[in-house]
Amino acid sequence: MAERRKGNAGKNPGKGAAEPAPVPGRLAVRKTYKLYLGGAFPRSESGRSYPVTSAKGDHLANASLASRKDAREAVVAARKAFGGWSARTAYNRGQILYRVAEVLEGRREQFAAQAVAAQGLSREAASRVVSAAVDRWVYYAGWTDKVAQVLGGANPVSGPYYNHSAPEPTGVVAVFAPQDAPLLGLTSVVAPVIATGNTAVVVTSEHAPLAAVDLAEVLATSDLPGGVVNLLTGRAGELGPHLAAHADVNALDLTGAGDLATGFEETAATTLTRVVRPGPESGGGEDAWLDPDPGTSRMTPFLETKTVWHPIGV
Amino acid sequence: MSHTATAPEATTNRALRAFLHGLPGVDEVGARARAQDLATRSIKTTAKAQAIDLAISMVDLTTLEGADTPGKVRALCAKAALPDPADRTVPRVGAVCVYPDMVATAVGALRGTGVGVASVATAFPAGRAPLEVKLADTRRAVADGAAEIDMVIDRGAFLSGDYLKVHDEITAVKEACGPAHLKVILETGELVTYDNVRRASHLAIRAGADFIKTSTGKVAPAATPPVVLVMLEAVRDHHAATGARVGVKPAGGIRTTKDAIRQLVLVNEIAGPAWLNPDLFRIGASSLLNDLLMQRTRLTTGTYPGPDYYTQD
Amino acid sequence: MIFEYAPAPESRSVVTLRETYDLFVDGEFRPAEGGEYLTTLNPADETKLAQVAVAGEADVDRAVAAARRAHETVWSRMSGAERGKYLFRVARIIQERSRELAVLESMDNGKPIKETRDVDLPLVAAHFFYYAGWADKLRHAGLGPDPRPLGVAAQVIPWNFPLLMLAWKIAPALATGNTVVLKPAETTPLTALVFAEICQEADLPPGVVNILTGAGETGRALVEHPGTDKVAFTGSTEVGRRIARSVAGTGKRLTLELGGKGANIVYDDAAIDQAVEGIVSGIFFNQGHVCCAGSRLLVQESIAEELLPRLRDRVAKLRLGDPLDKNTDIGAINSAAQLERIRELTDSGAEEGVERWSPPCDLPSTGYWFAPTLLTGVSQAHRVAREEIFGPVLSVLTFRTPEEAVAKANNTPYGLSAGVWTEKGSRMLWTAERLRAGVIWSNTFNKFDPTSPFGGYKESGYGREGGRHGLEAYLG
């Protein structure tokens, strides 16, 4: 396949990032890294895959190379999940996000090993990143039932009306996850999107997608309904134009879109899709995402304000 | 129109309740806003002149005081027949409205003028008397020559949900009226909500009222524009459902020409022009008449007159 | 008897029209570099009101430079309290000159004096009062401990509420320490130019507010000018898309308030008389030139037969005519072009088999007029159910269940407003929760307030104007 880069394939086979240390006499079972769509783990409908290498250039695994059609399916799955997810009580969404943190905590070692292998982080740095990622889920789990109180409220209109504004999720958000922060960066952009009741179609880091697929396994076992988060491993440049133009996508987070961001923003203008441009974290690796209190800034772009009026009378 | 179709045949409290509570609700804020909007209608020049004469012809010139005397009533009657002695083009008022014991006096004073006598009855204003007393009150007033009877409903019965009692009292008084027209006073200030005003309007109409009237004048608020609006909607809807027209009489708090013209605008835009005549719309008032006369003079002469030029009765 | 209302015209003598109006840049009125003028008409009789300068690129350059200078040297350095006092002063002058502004607005726009006097102008003053008070309290707005102004805002506003839209743009921008270059609509520039005089009267520092008149090209030059930090636009979705594309990758912040096709849902237990009023104000307020108009009536089938005759009776009582007559309910259509669009879309409904009704209504022989119109037998597939007509034309559809009502209401690329009429509280909240629109009026319609955030979902735009939320668009 054209996507399969020559040279690295086959080098150091069997050193998959999160693979357990080999037991003498036993052949390790490797993981097939697939997409995460509508709660299932399919391969790309295109049948394509691409090799993922470690920071040192060693082959780690083959990842599915998502296609335009996969992106379309992901949007369908996200839309289908939106009604139910946004209608969950905020408390329930918080419970589920906290469950994600619990399950992730239980798999610390796997994610840390992955970070060491894929990003070349020290054990210590990897541990710090995984801890921050777990804490990030806890952080947004706590936000689910507070954000409406912080952002909404009663408006004292000049007349006999009760008037109230509350934030509501915008709908389906296409997230271009940071290229250089495959776990904490990914968590930091996905958690606020779903904490607020949106559903997400995520284009993962192209060269370091494995943490995302591992995270999908966490999400799939944390009572998160299928379709709330859909993960596409592959190329932003290939998937992005379709997602940006897709009329059923309500918002784009272009954090990981790099130089493609402006073009995507232009395309998104056609359907007035909400856009978050790449921010100051871009290019800073996982460390750029360590701030333990990112506030509401990654939630507000994906929230609409609904204002309801009603007369007050007898 | 399903909501306003004629009420069920069997008159039981249950049936009345089902009918009245099946009427569409009234949103207080919306009703007020509509009345407020119509209050901004600007009635000028020829329209104003026309409206003033119409309003004069609709006035039920009223005295309902404990201190009323035959002399006071006769003076009022003289005013009713000839509101402005200096200008004989002024129309006479709709009626003179007095207590039952003054009916004979008023009838005598108005003989030959074409102005009728209306009498409050049924233990006005509270209505707190046994039915036989109310009926006797009514019969006596009619016997003394009252052409119109203004009765009060039993608000206590209405508020406690005993619609049948309210209904049957109206029916009985209507029968006691004989040929006299019956105006049913809802005392909207005690009913409080517009939903109640709507229900009481339909209840009175169903029981045989020729007119529905807002207030006794003894309770505030009285004939506020939104209350009149809701009552006009009731007679409009009754007409749409049955083809029959019931009159409306606001009373209490209408003191100025501006107030009166606002009432006429409500009539025009809610019930429709058919109600713009004294057979279907009256205004219960006392001091209003002089203000109408002053504004009339102002329009015809271009100068503002003073109150001393109009008889105080 | 027939109770005819005699004409009750508001006096035009409170307005002194100049023959020509120039651009307001850096605190002074000056001609456009190109020397070009356009004519603004009274749409009620097609008479010429005034000549108004057409700003070109050089004028945009000058205005943006003036705004930048004012931002850097004066406005962003001034304490919030002092900025607020300027805005309070502006609000007071607007109140003092409100009758003049109301009459001028009715003349230039065609909307009834009843509305400019009782709705537009009170809201304009209230908006300045509201944001004046925010100027020294921005730390408490929940937007961070030290929110900063963005800089220079390019603002383009429509013709349907000329002065009110100006207030919605300028008041929050100035309160937050930004300076502005604002372009009023081609057909309704006059009240913005009187507002410029008010800025002078208030001794507002030169360059804080700049008003550039002109048509689409002027607007394009302004929103595409590289020297601004923020673009705020209210207008058509089509132009909104173009603007969104043009600011892509620039770093400019953008808020858009665009079109709508609002659904007004009437359940069978509604307070029917107030619902009729709400339907009428929902679509006939301001001749239906309202982005948040309730232009799709969704009435529950079980009361459609009762409601529609009442609605027709009510519409027949609307008084169409001279916008300056105090008894006029429906004024003139703002322009020949808009009248043509309304006609074309309404005719398309007739061609698609929709039933069309208007009350007997004498339209004046000059000026741009369109009788209030009800379209019945409309389905979601018809153009008149999908496209924004922006005129006094109501499309009537029916539904059977609450689920169907919500599904139909949301079945549009727009998401600005919606109405719900029911006497049942839980059903109201259920419906409001499911409607994908920024403003839900329940048991009322077309109410506005400076404290109440306004703005759309989906293709009705993004960002909110009004209230605490409205500050966010102008702070970084």
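Labels for the chains are A, B and C, by order of writing; each one numbers its residues from 1.
Operating definition for what follows: a contact is a pair of C-beta atoms (placed from the backbone, for glycine too) under 8 Å apart; a residue touches a chain by one contact, two chains touch by 3 or more.
For clarity, every value in this text was computed on a predicted model and none was experimentally measured.
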Given chain B and chain C, the chains that contact each of them: A
Farthest-lying chain, centroid of Cα atoms versus that of chain B: A
Whole-Å gap between the CA centroids of chain B and chain C: 44
Centroid distance [mean C-alpha coordinates] between chain C and chain A, Å: 38
CA centroid of chain A to CA centroid of chain B, Å: 71
Contacts with two or more other chains, residues of chain A listed in rising order: 161, 311
In chain C, residues with contacts to at least two other chains: 443-444
Where chain B touches two or more other chains at once, by residue number: 27, 29-30
Interface residues, chain B side, partner chain C - complex: 1-3, 24-27, 29-31, 33-34, 40-48, 50-51, 54, 233, 264, 268-269, 273, 276-277
Chain C residues within the chain B interface of the complex: 1-8, 114, 118, 269-274, 277-278, 303, 306, 309, 317, 326-327, 423, 443-444
In the complex, chain A residues that touch chain B: 160-161, 311-314
Complex contact set, residues of chain C against chain A: 126, 142, 144, 237, 240-245, 248-249, 251, 256, 258, 413, 415, 428, 432, 435, 437-444, 447, 449, 451-455, 457-459, 461-462, 464, 467, 469, 472
Chain C partner contacts - residues on chain A that touch it in the complex: 150-151, 155-159, 161, 163, 165, 170, 247, 250, 261-263, 265-266, 268-272, 274-275, 277, 295, 300, 304-311
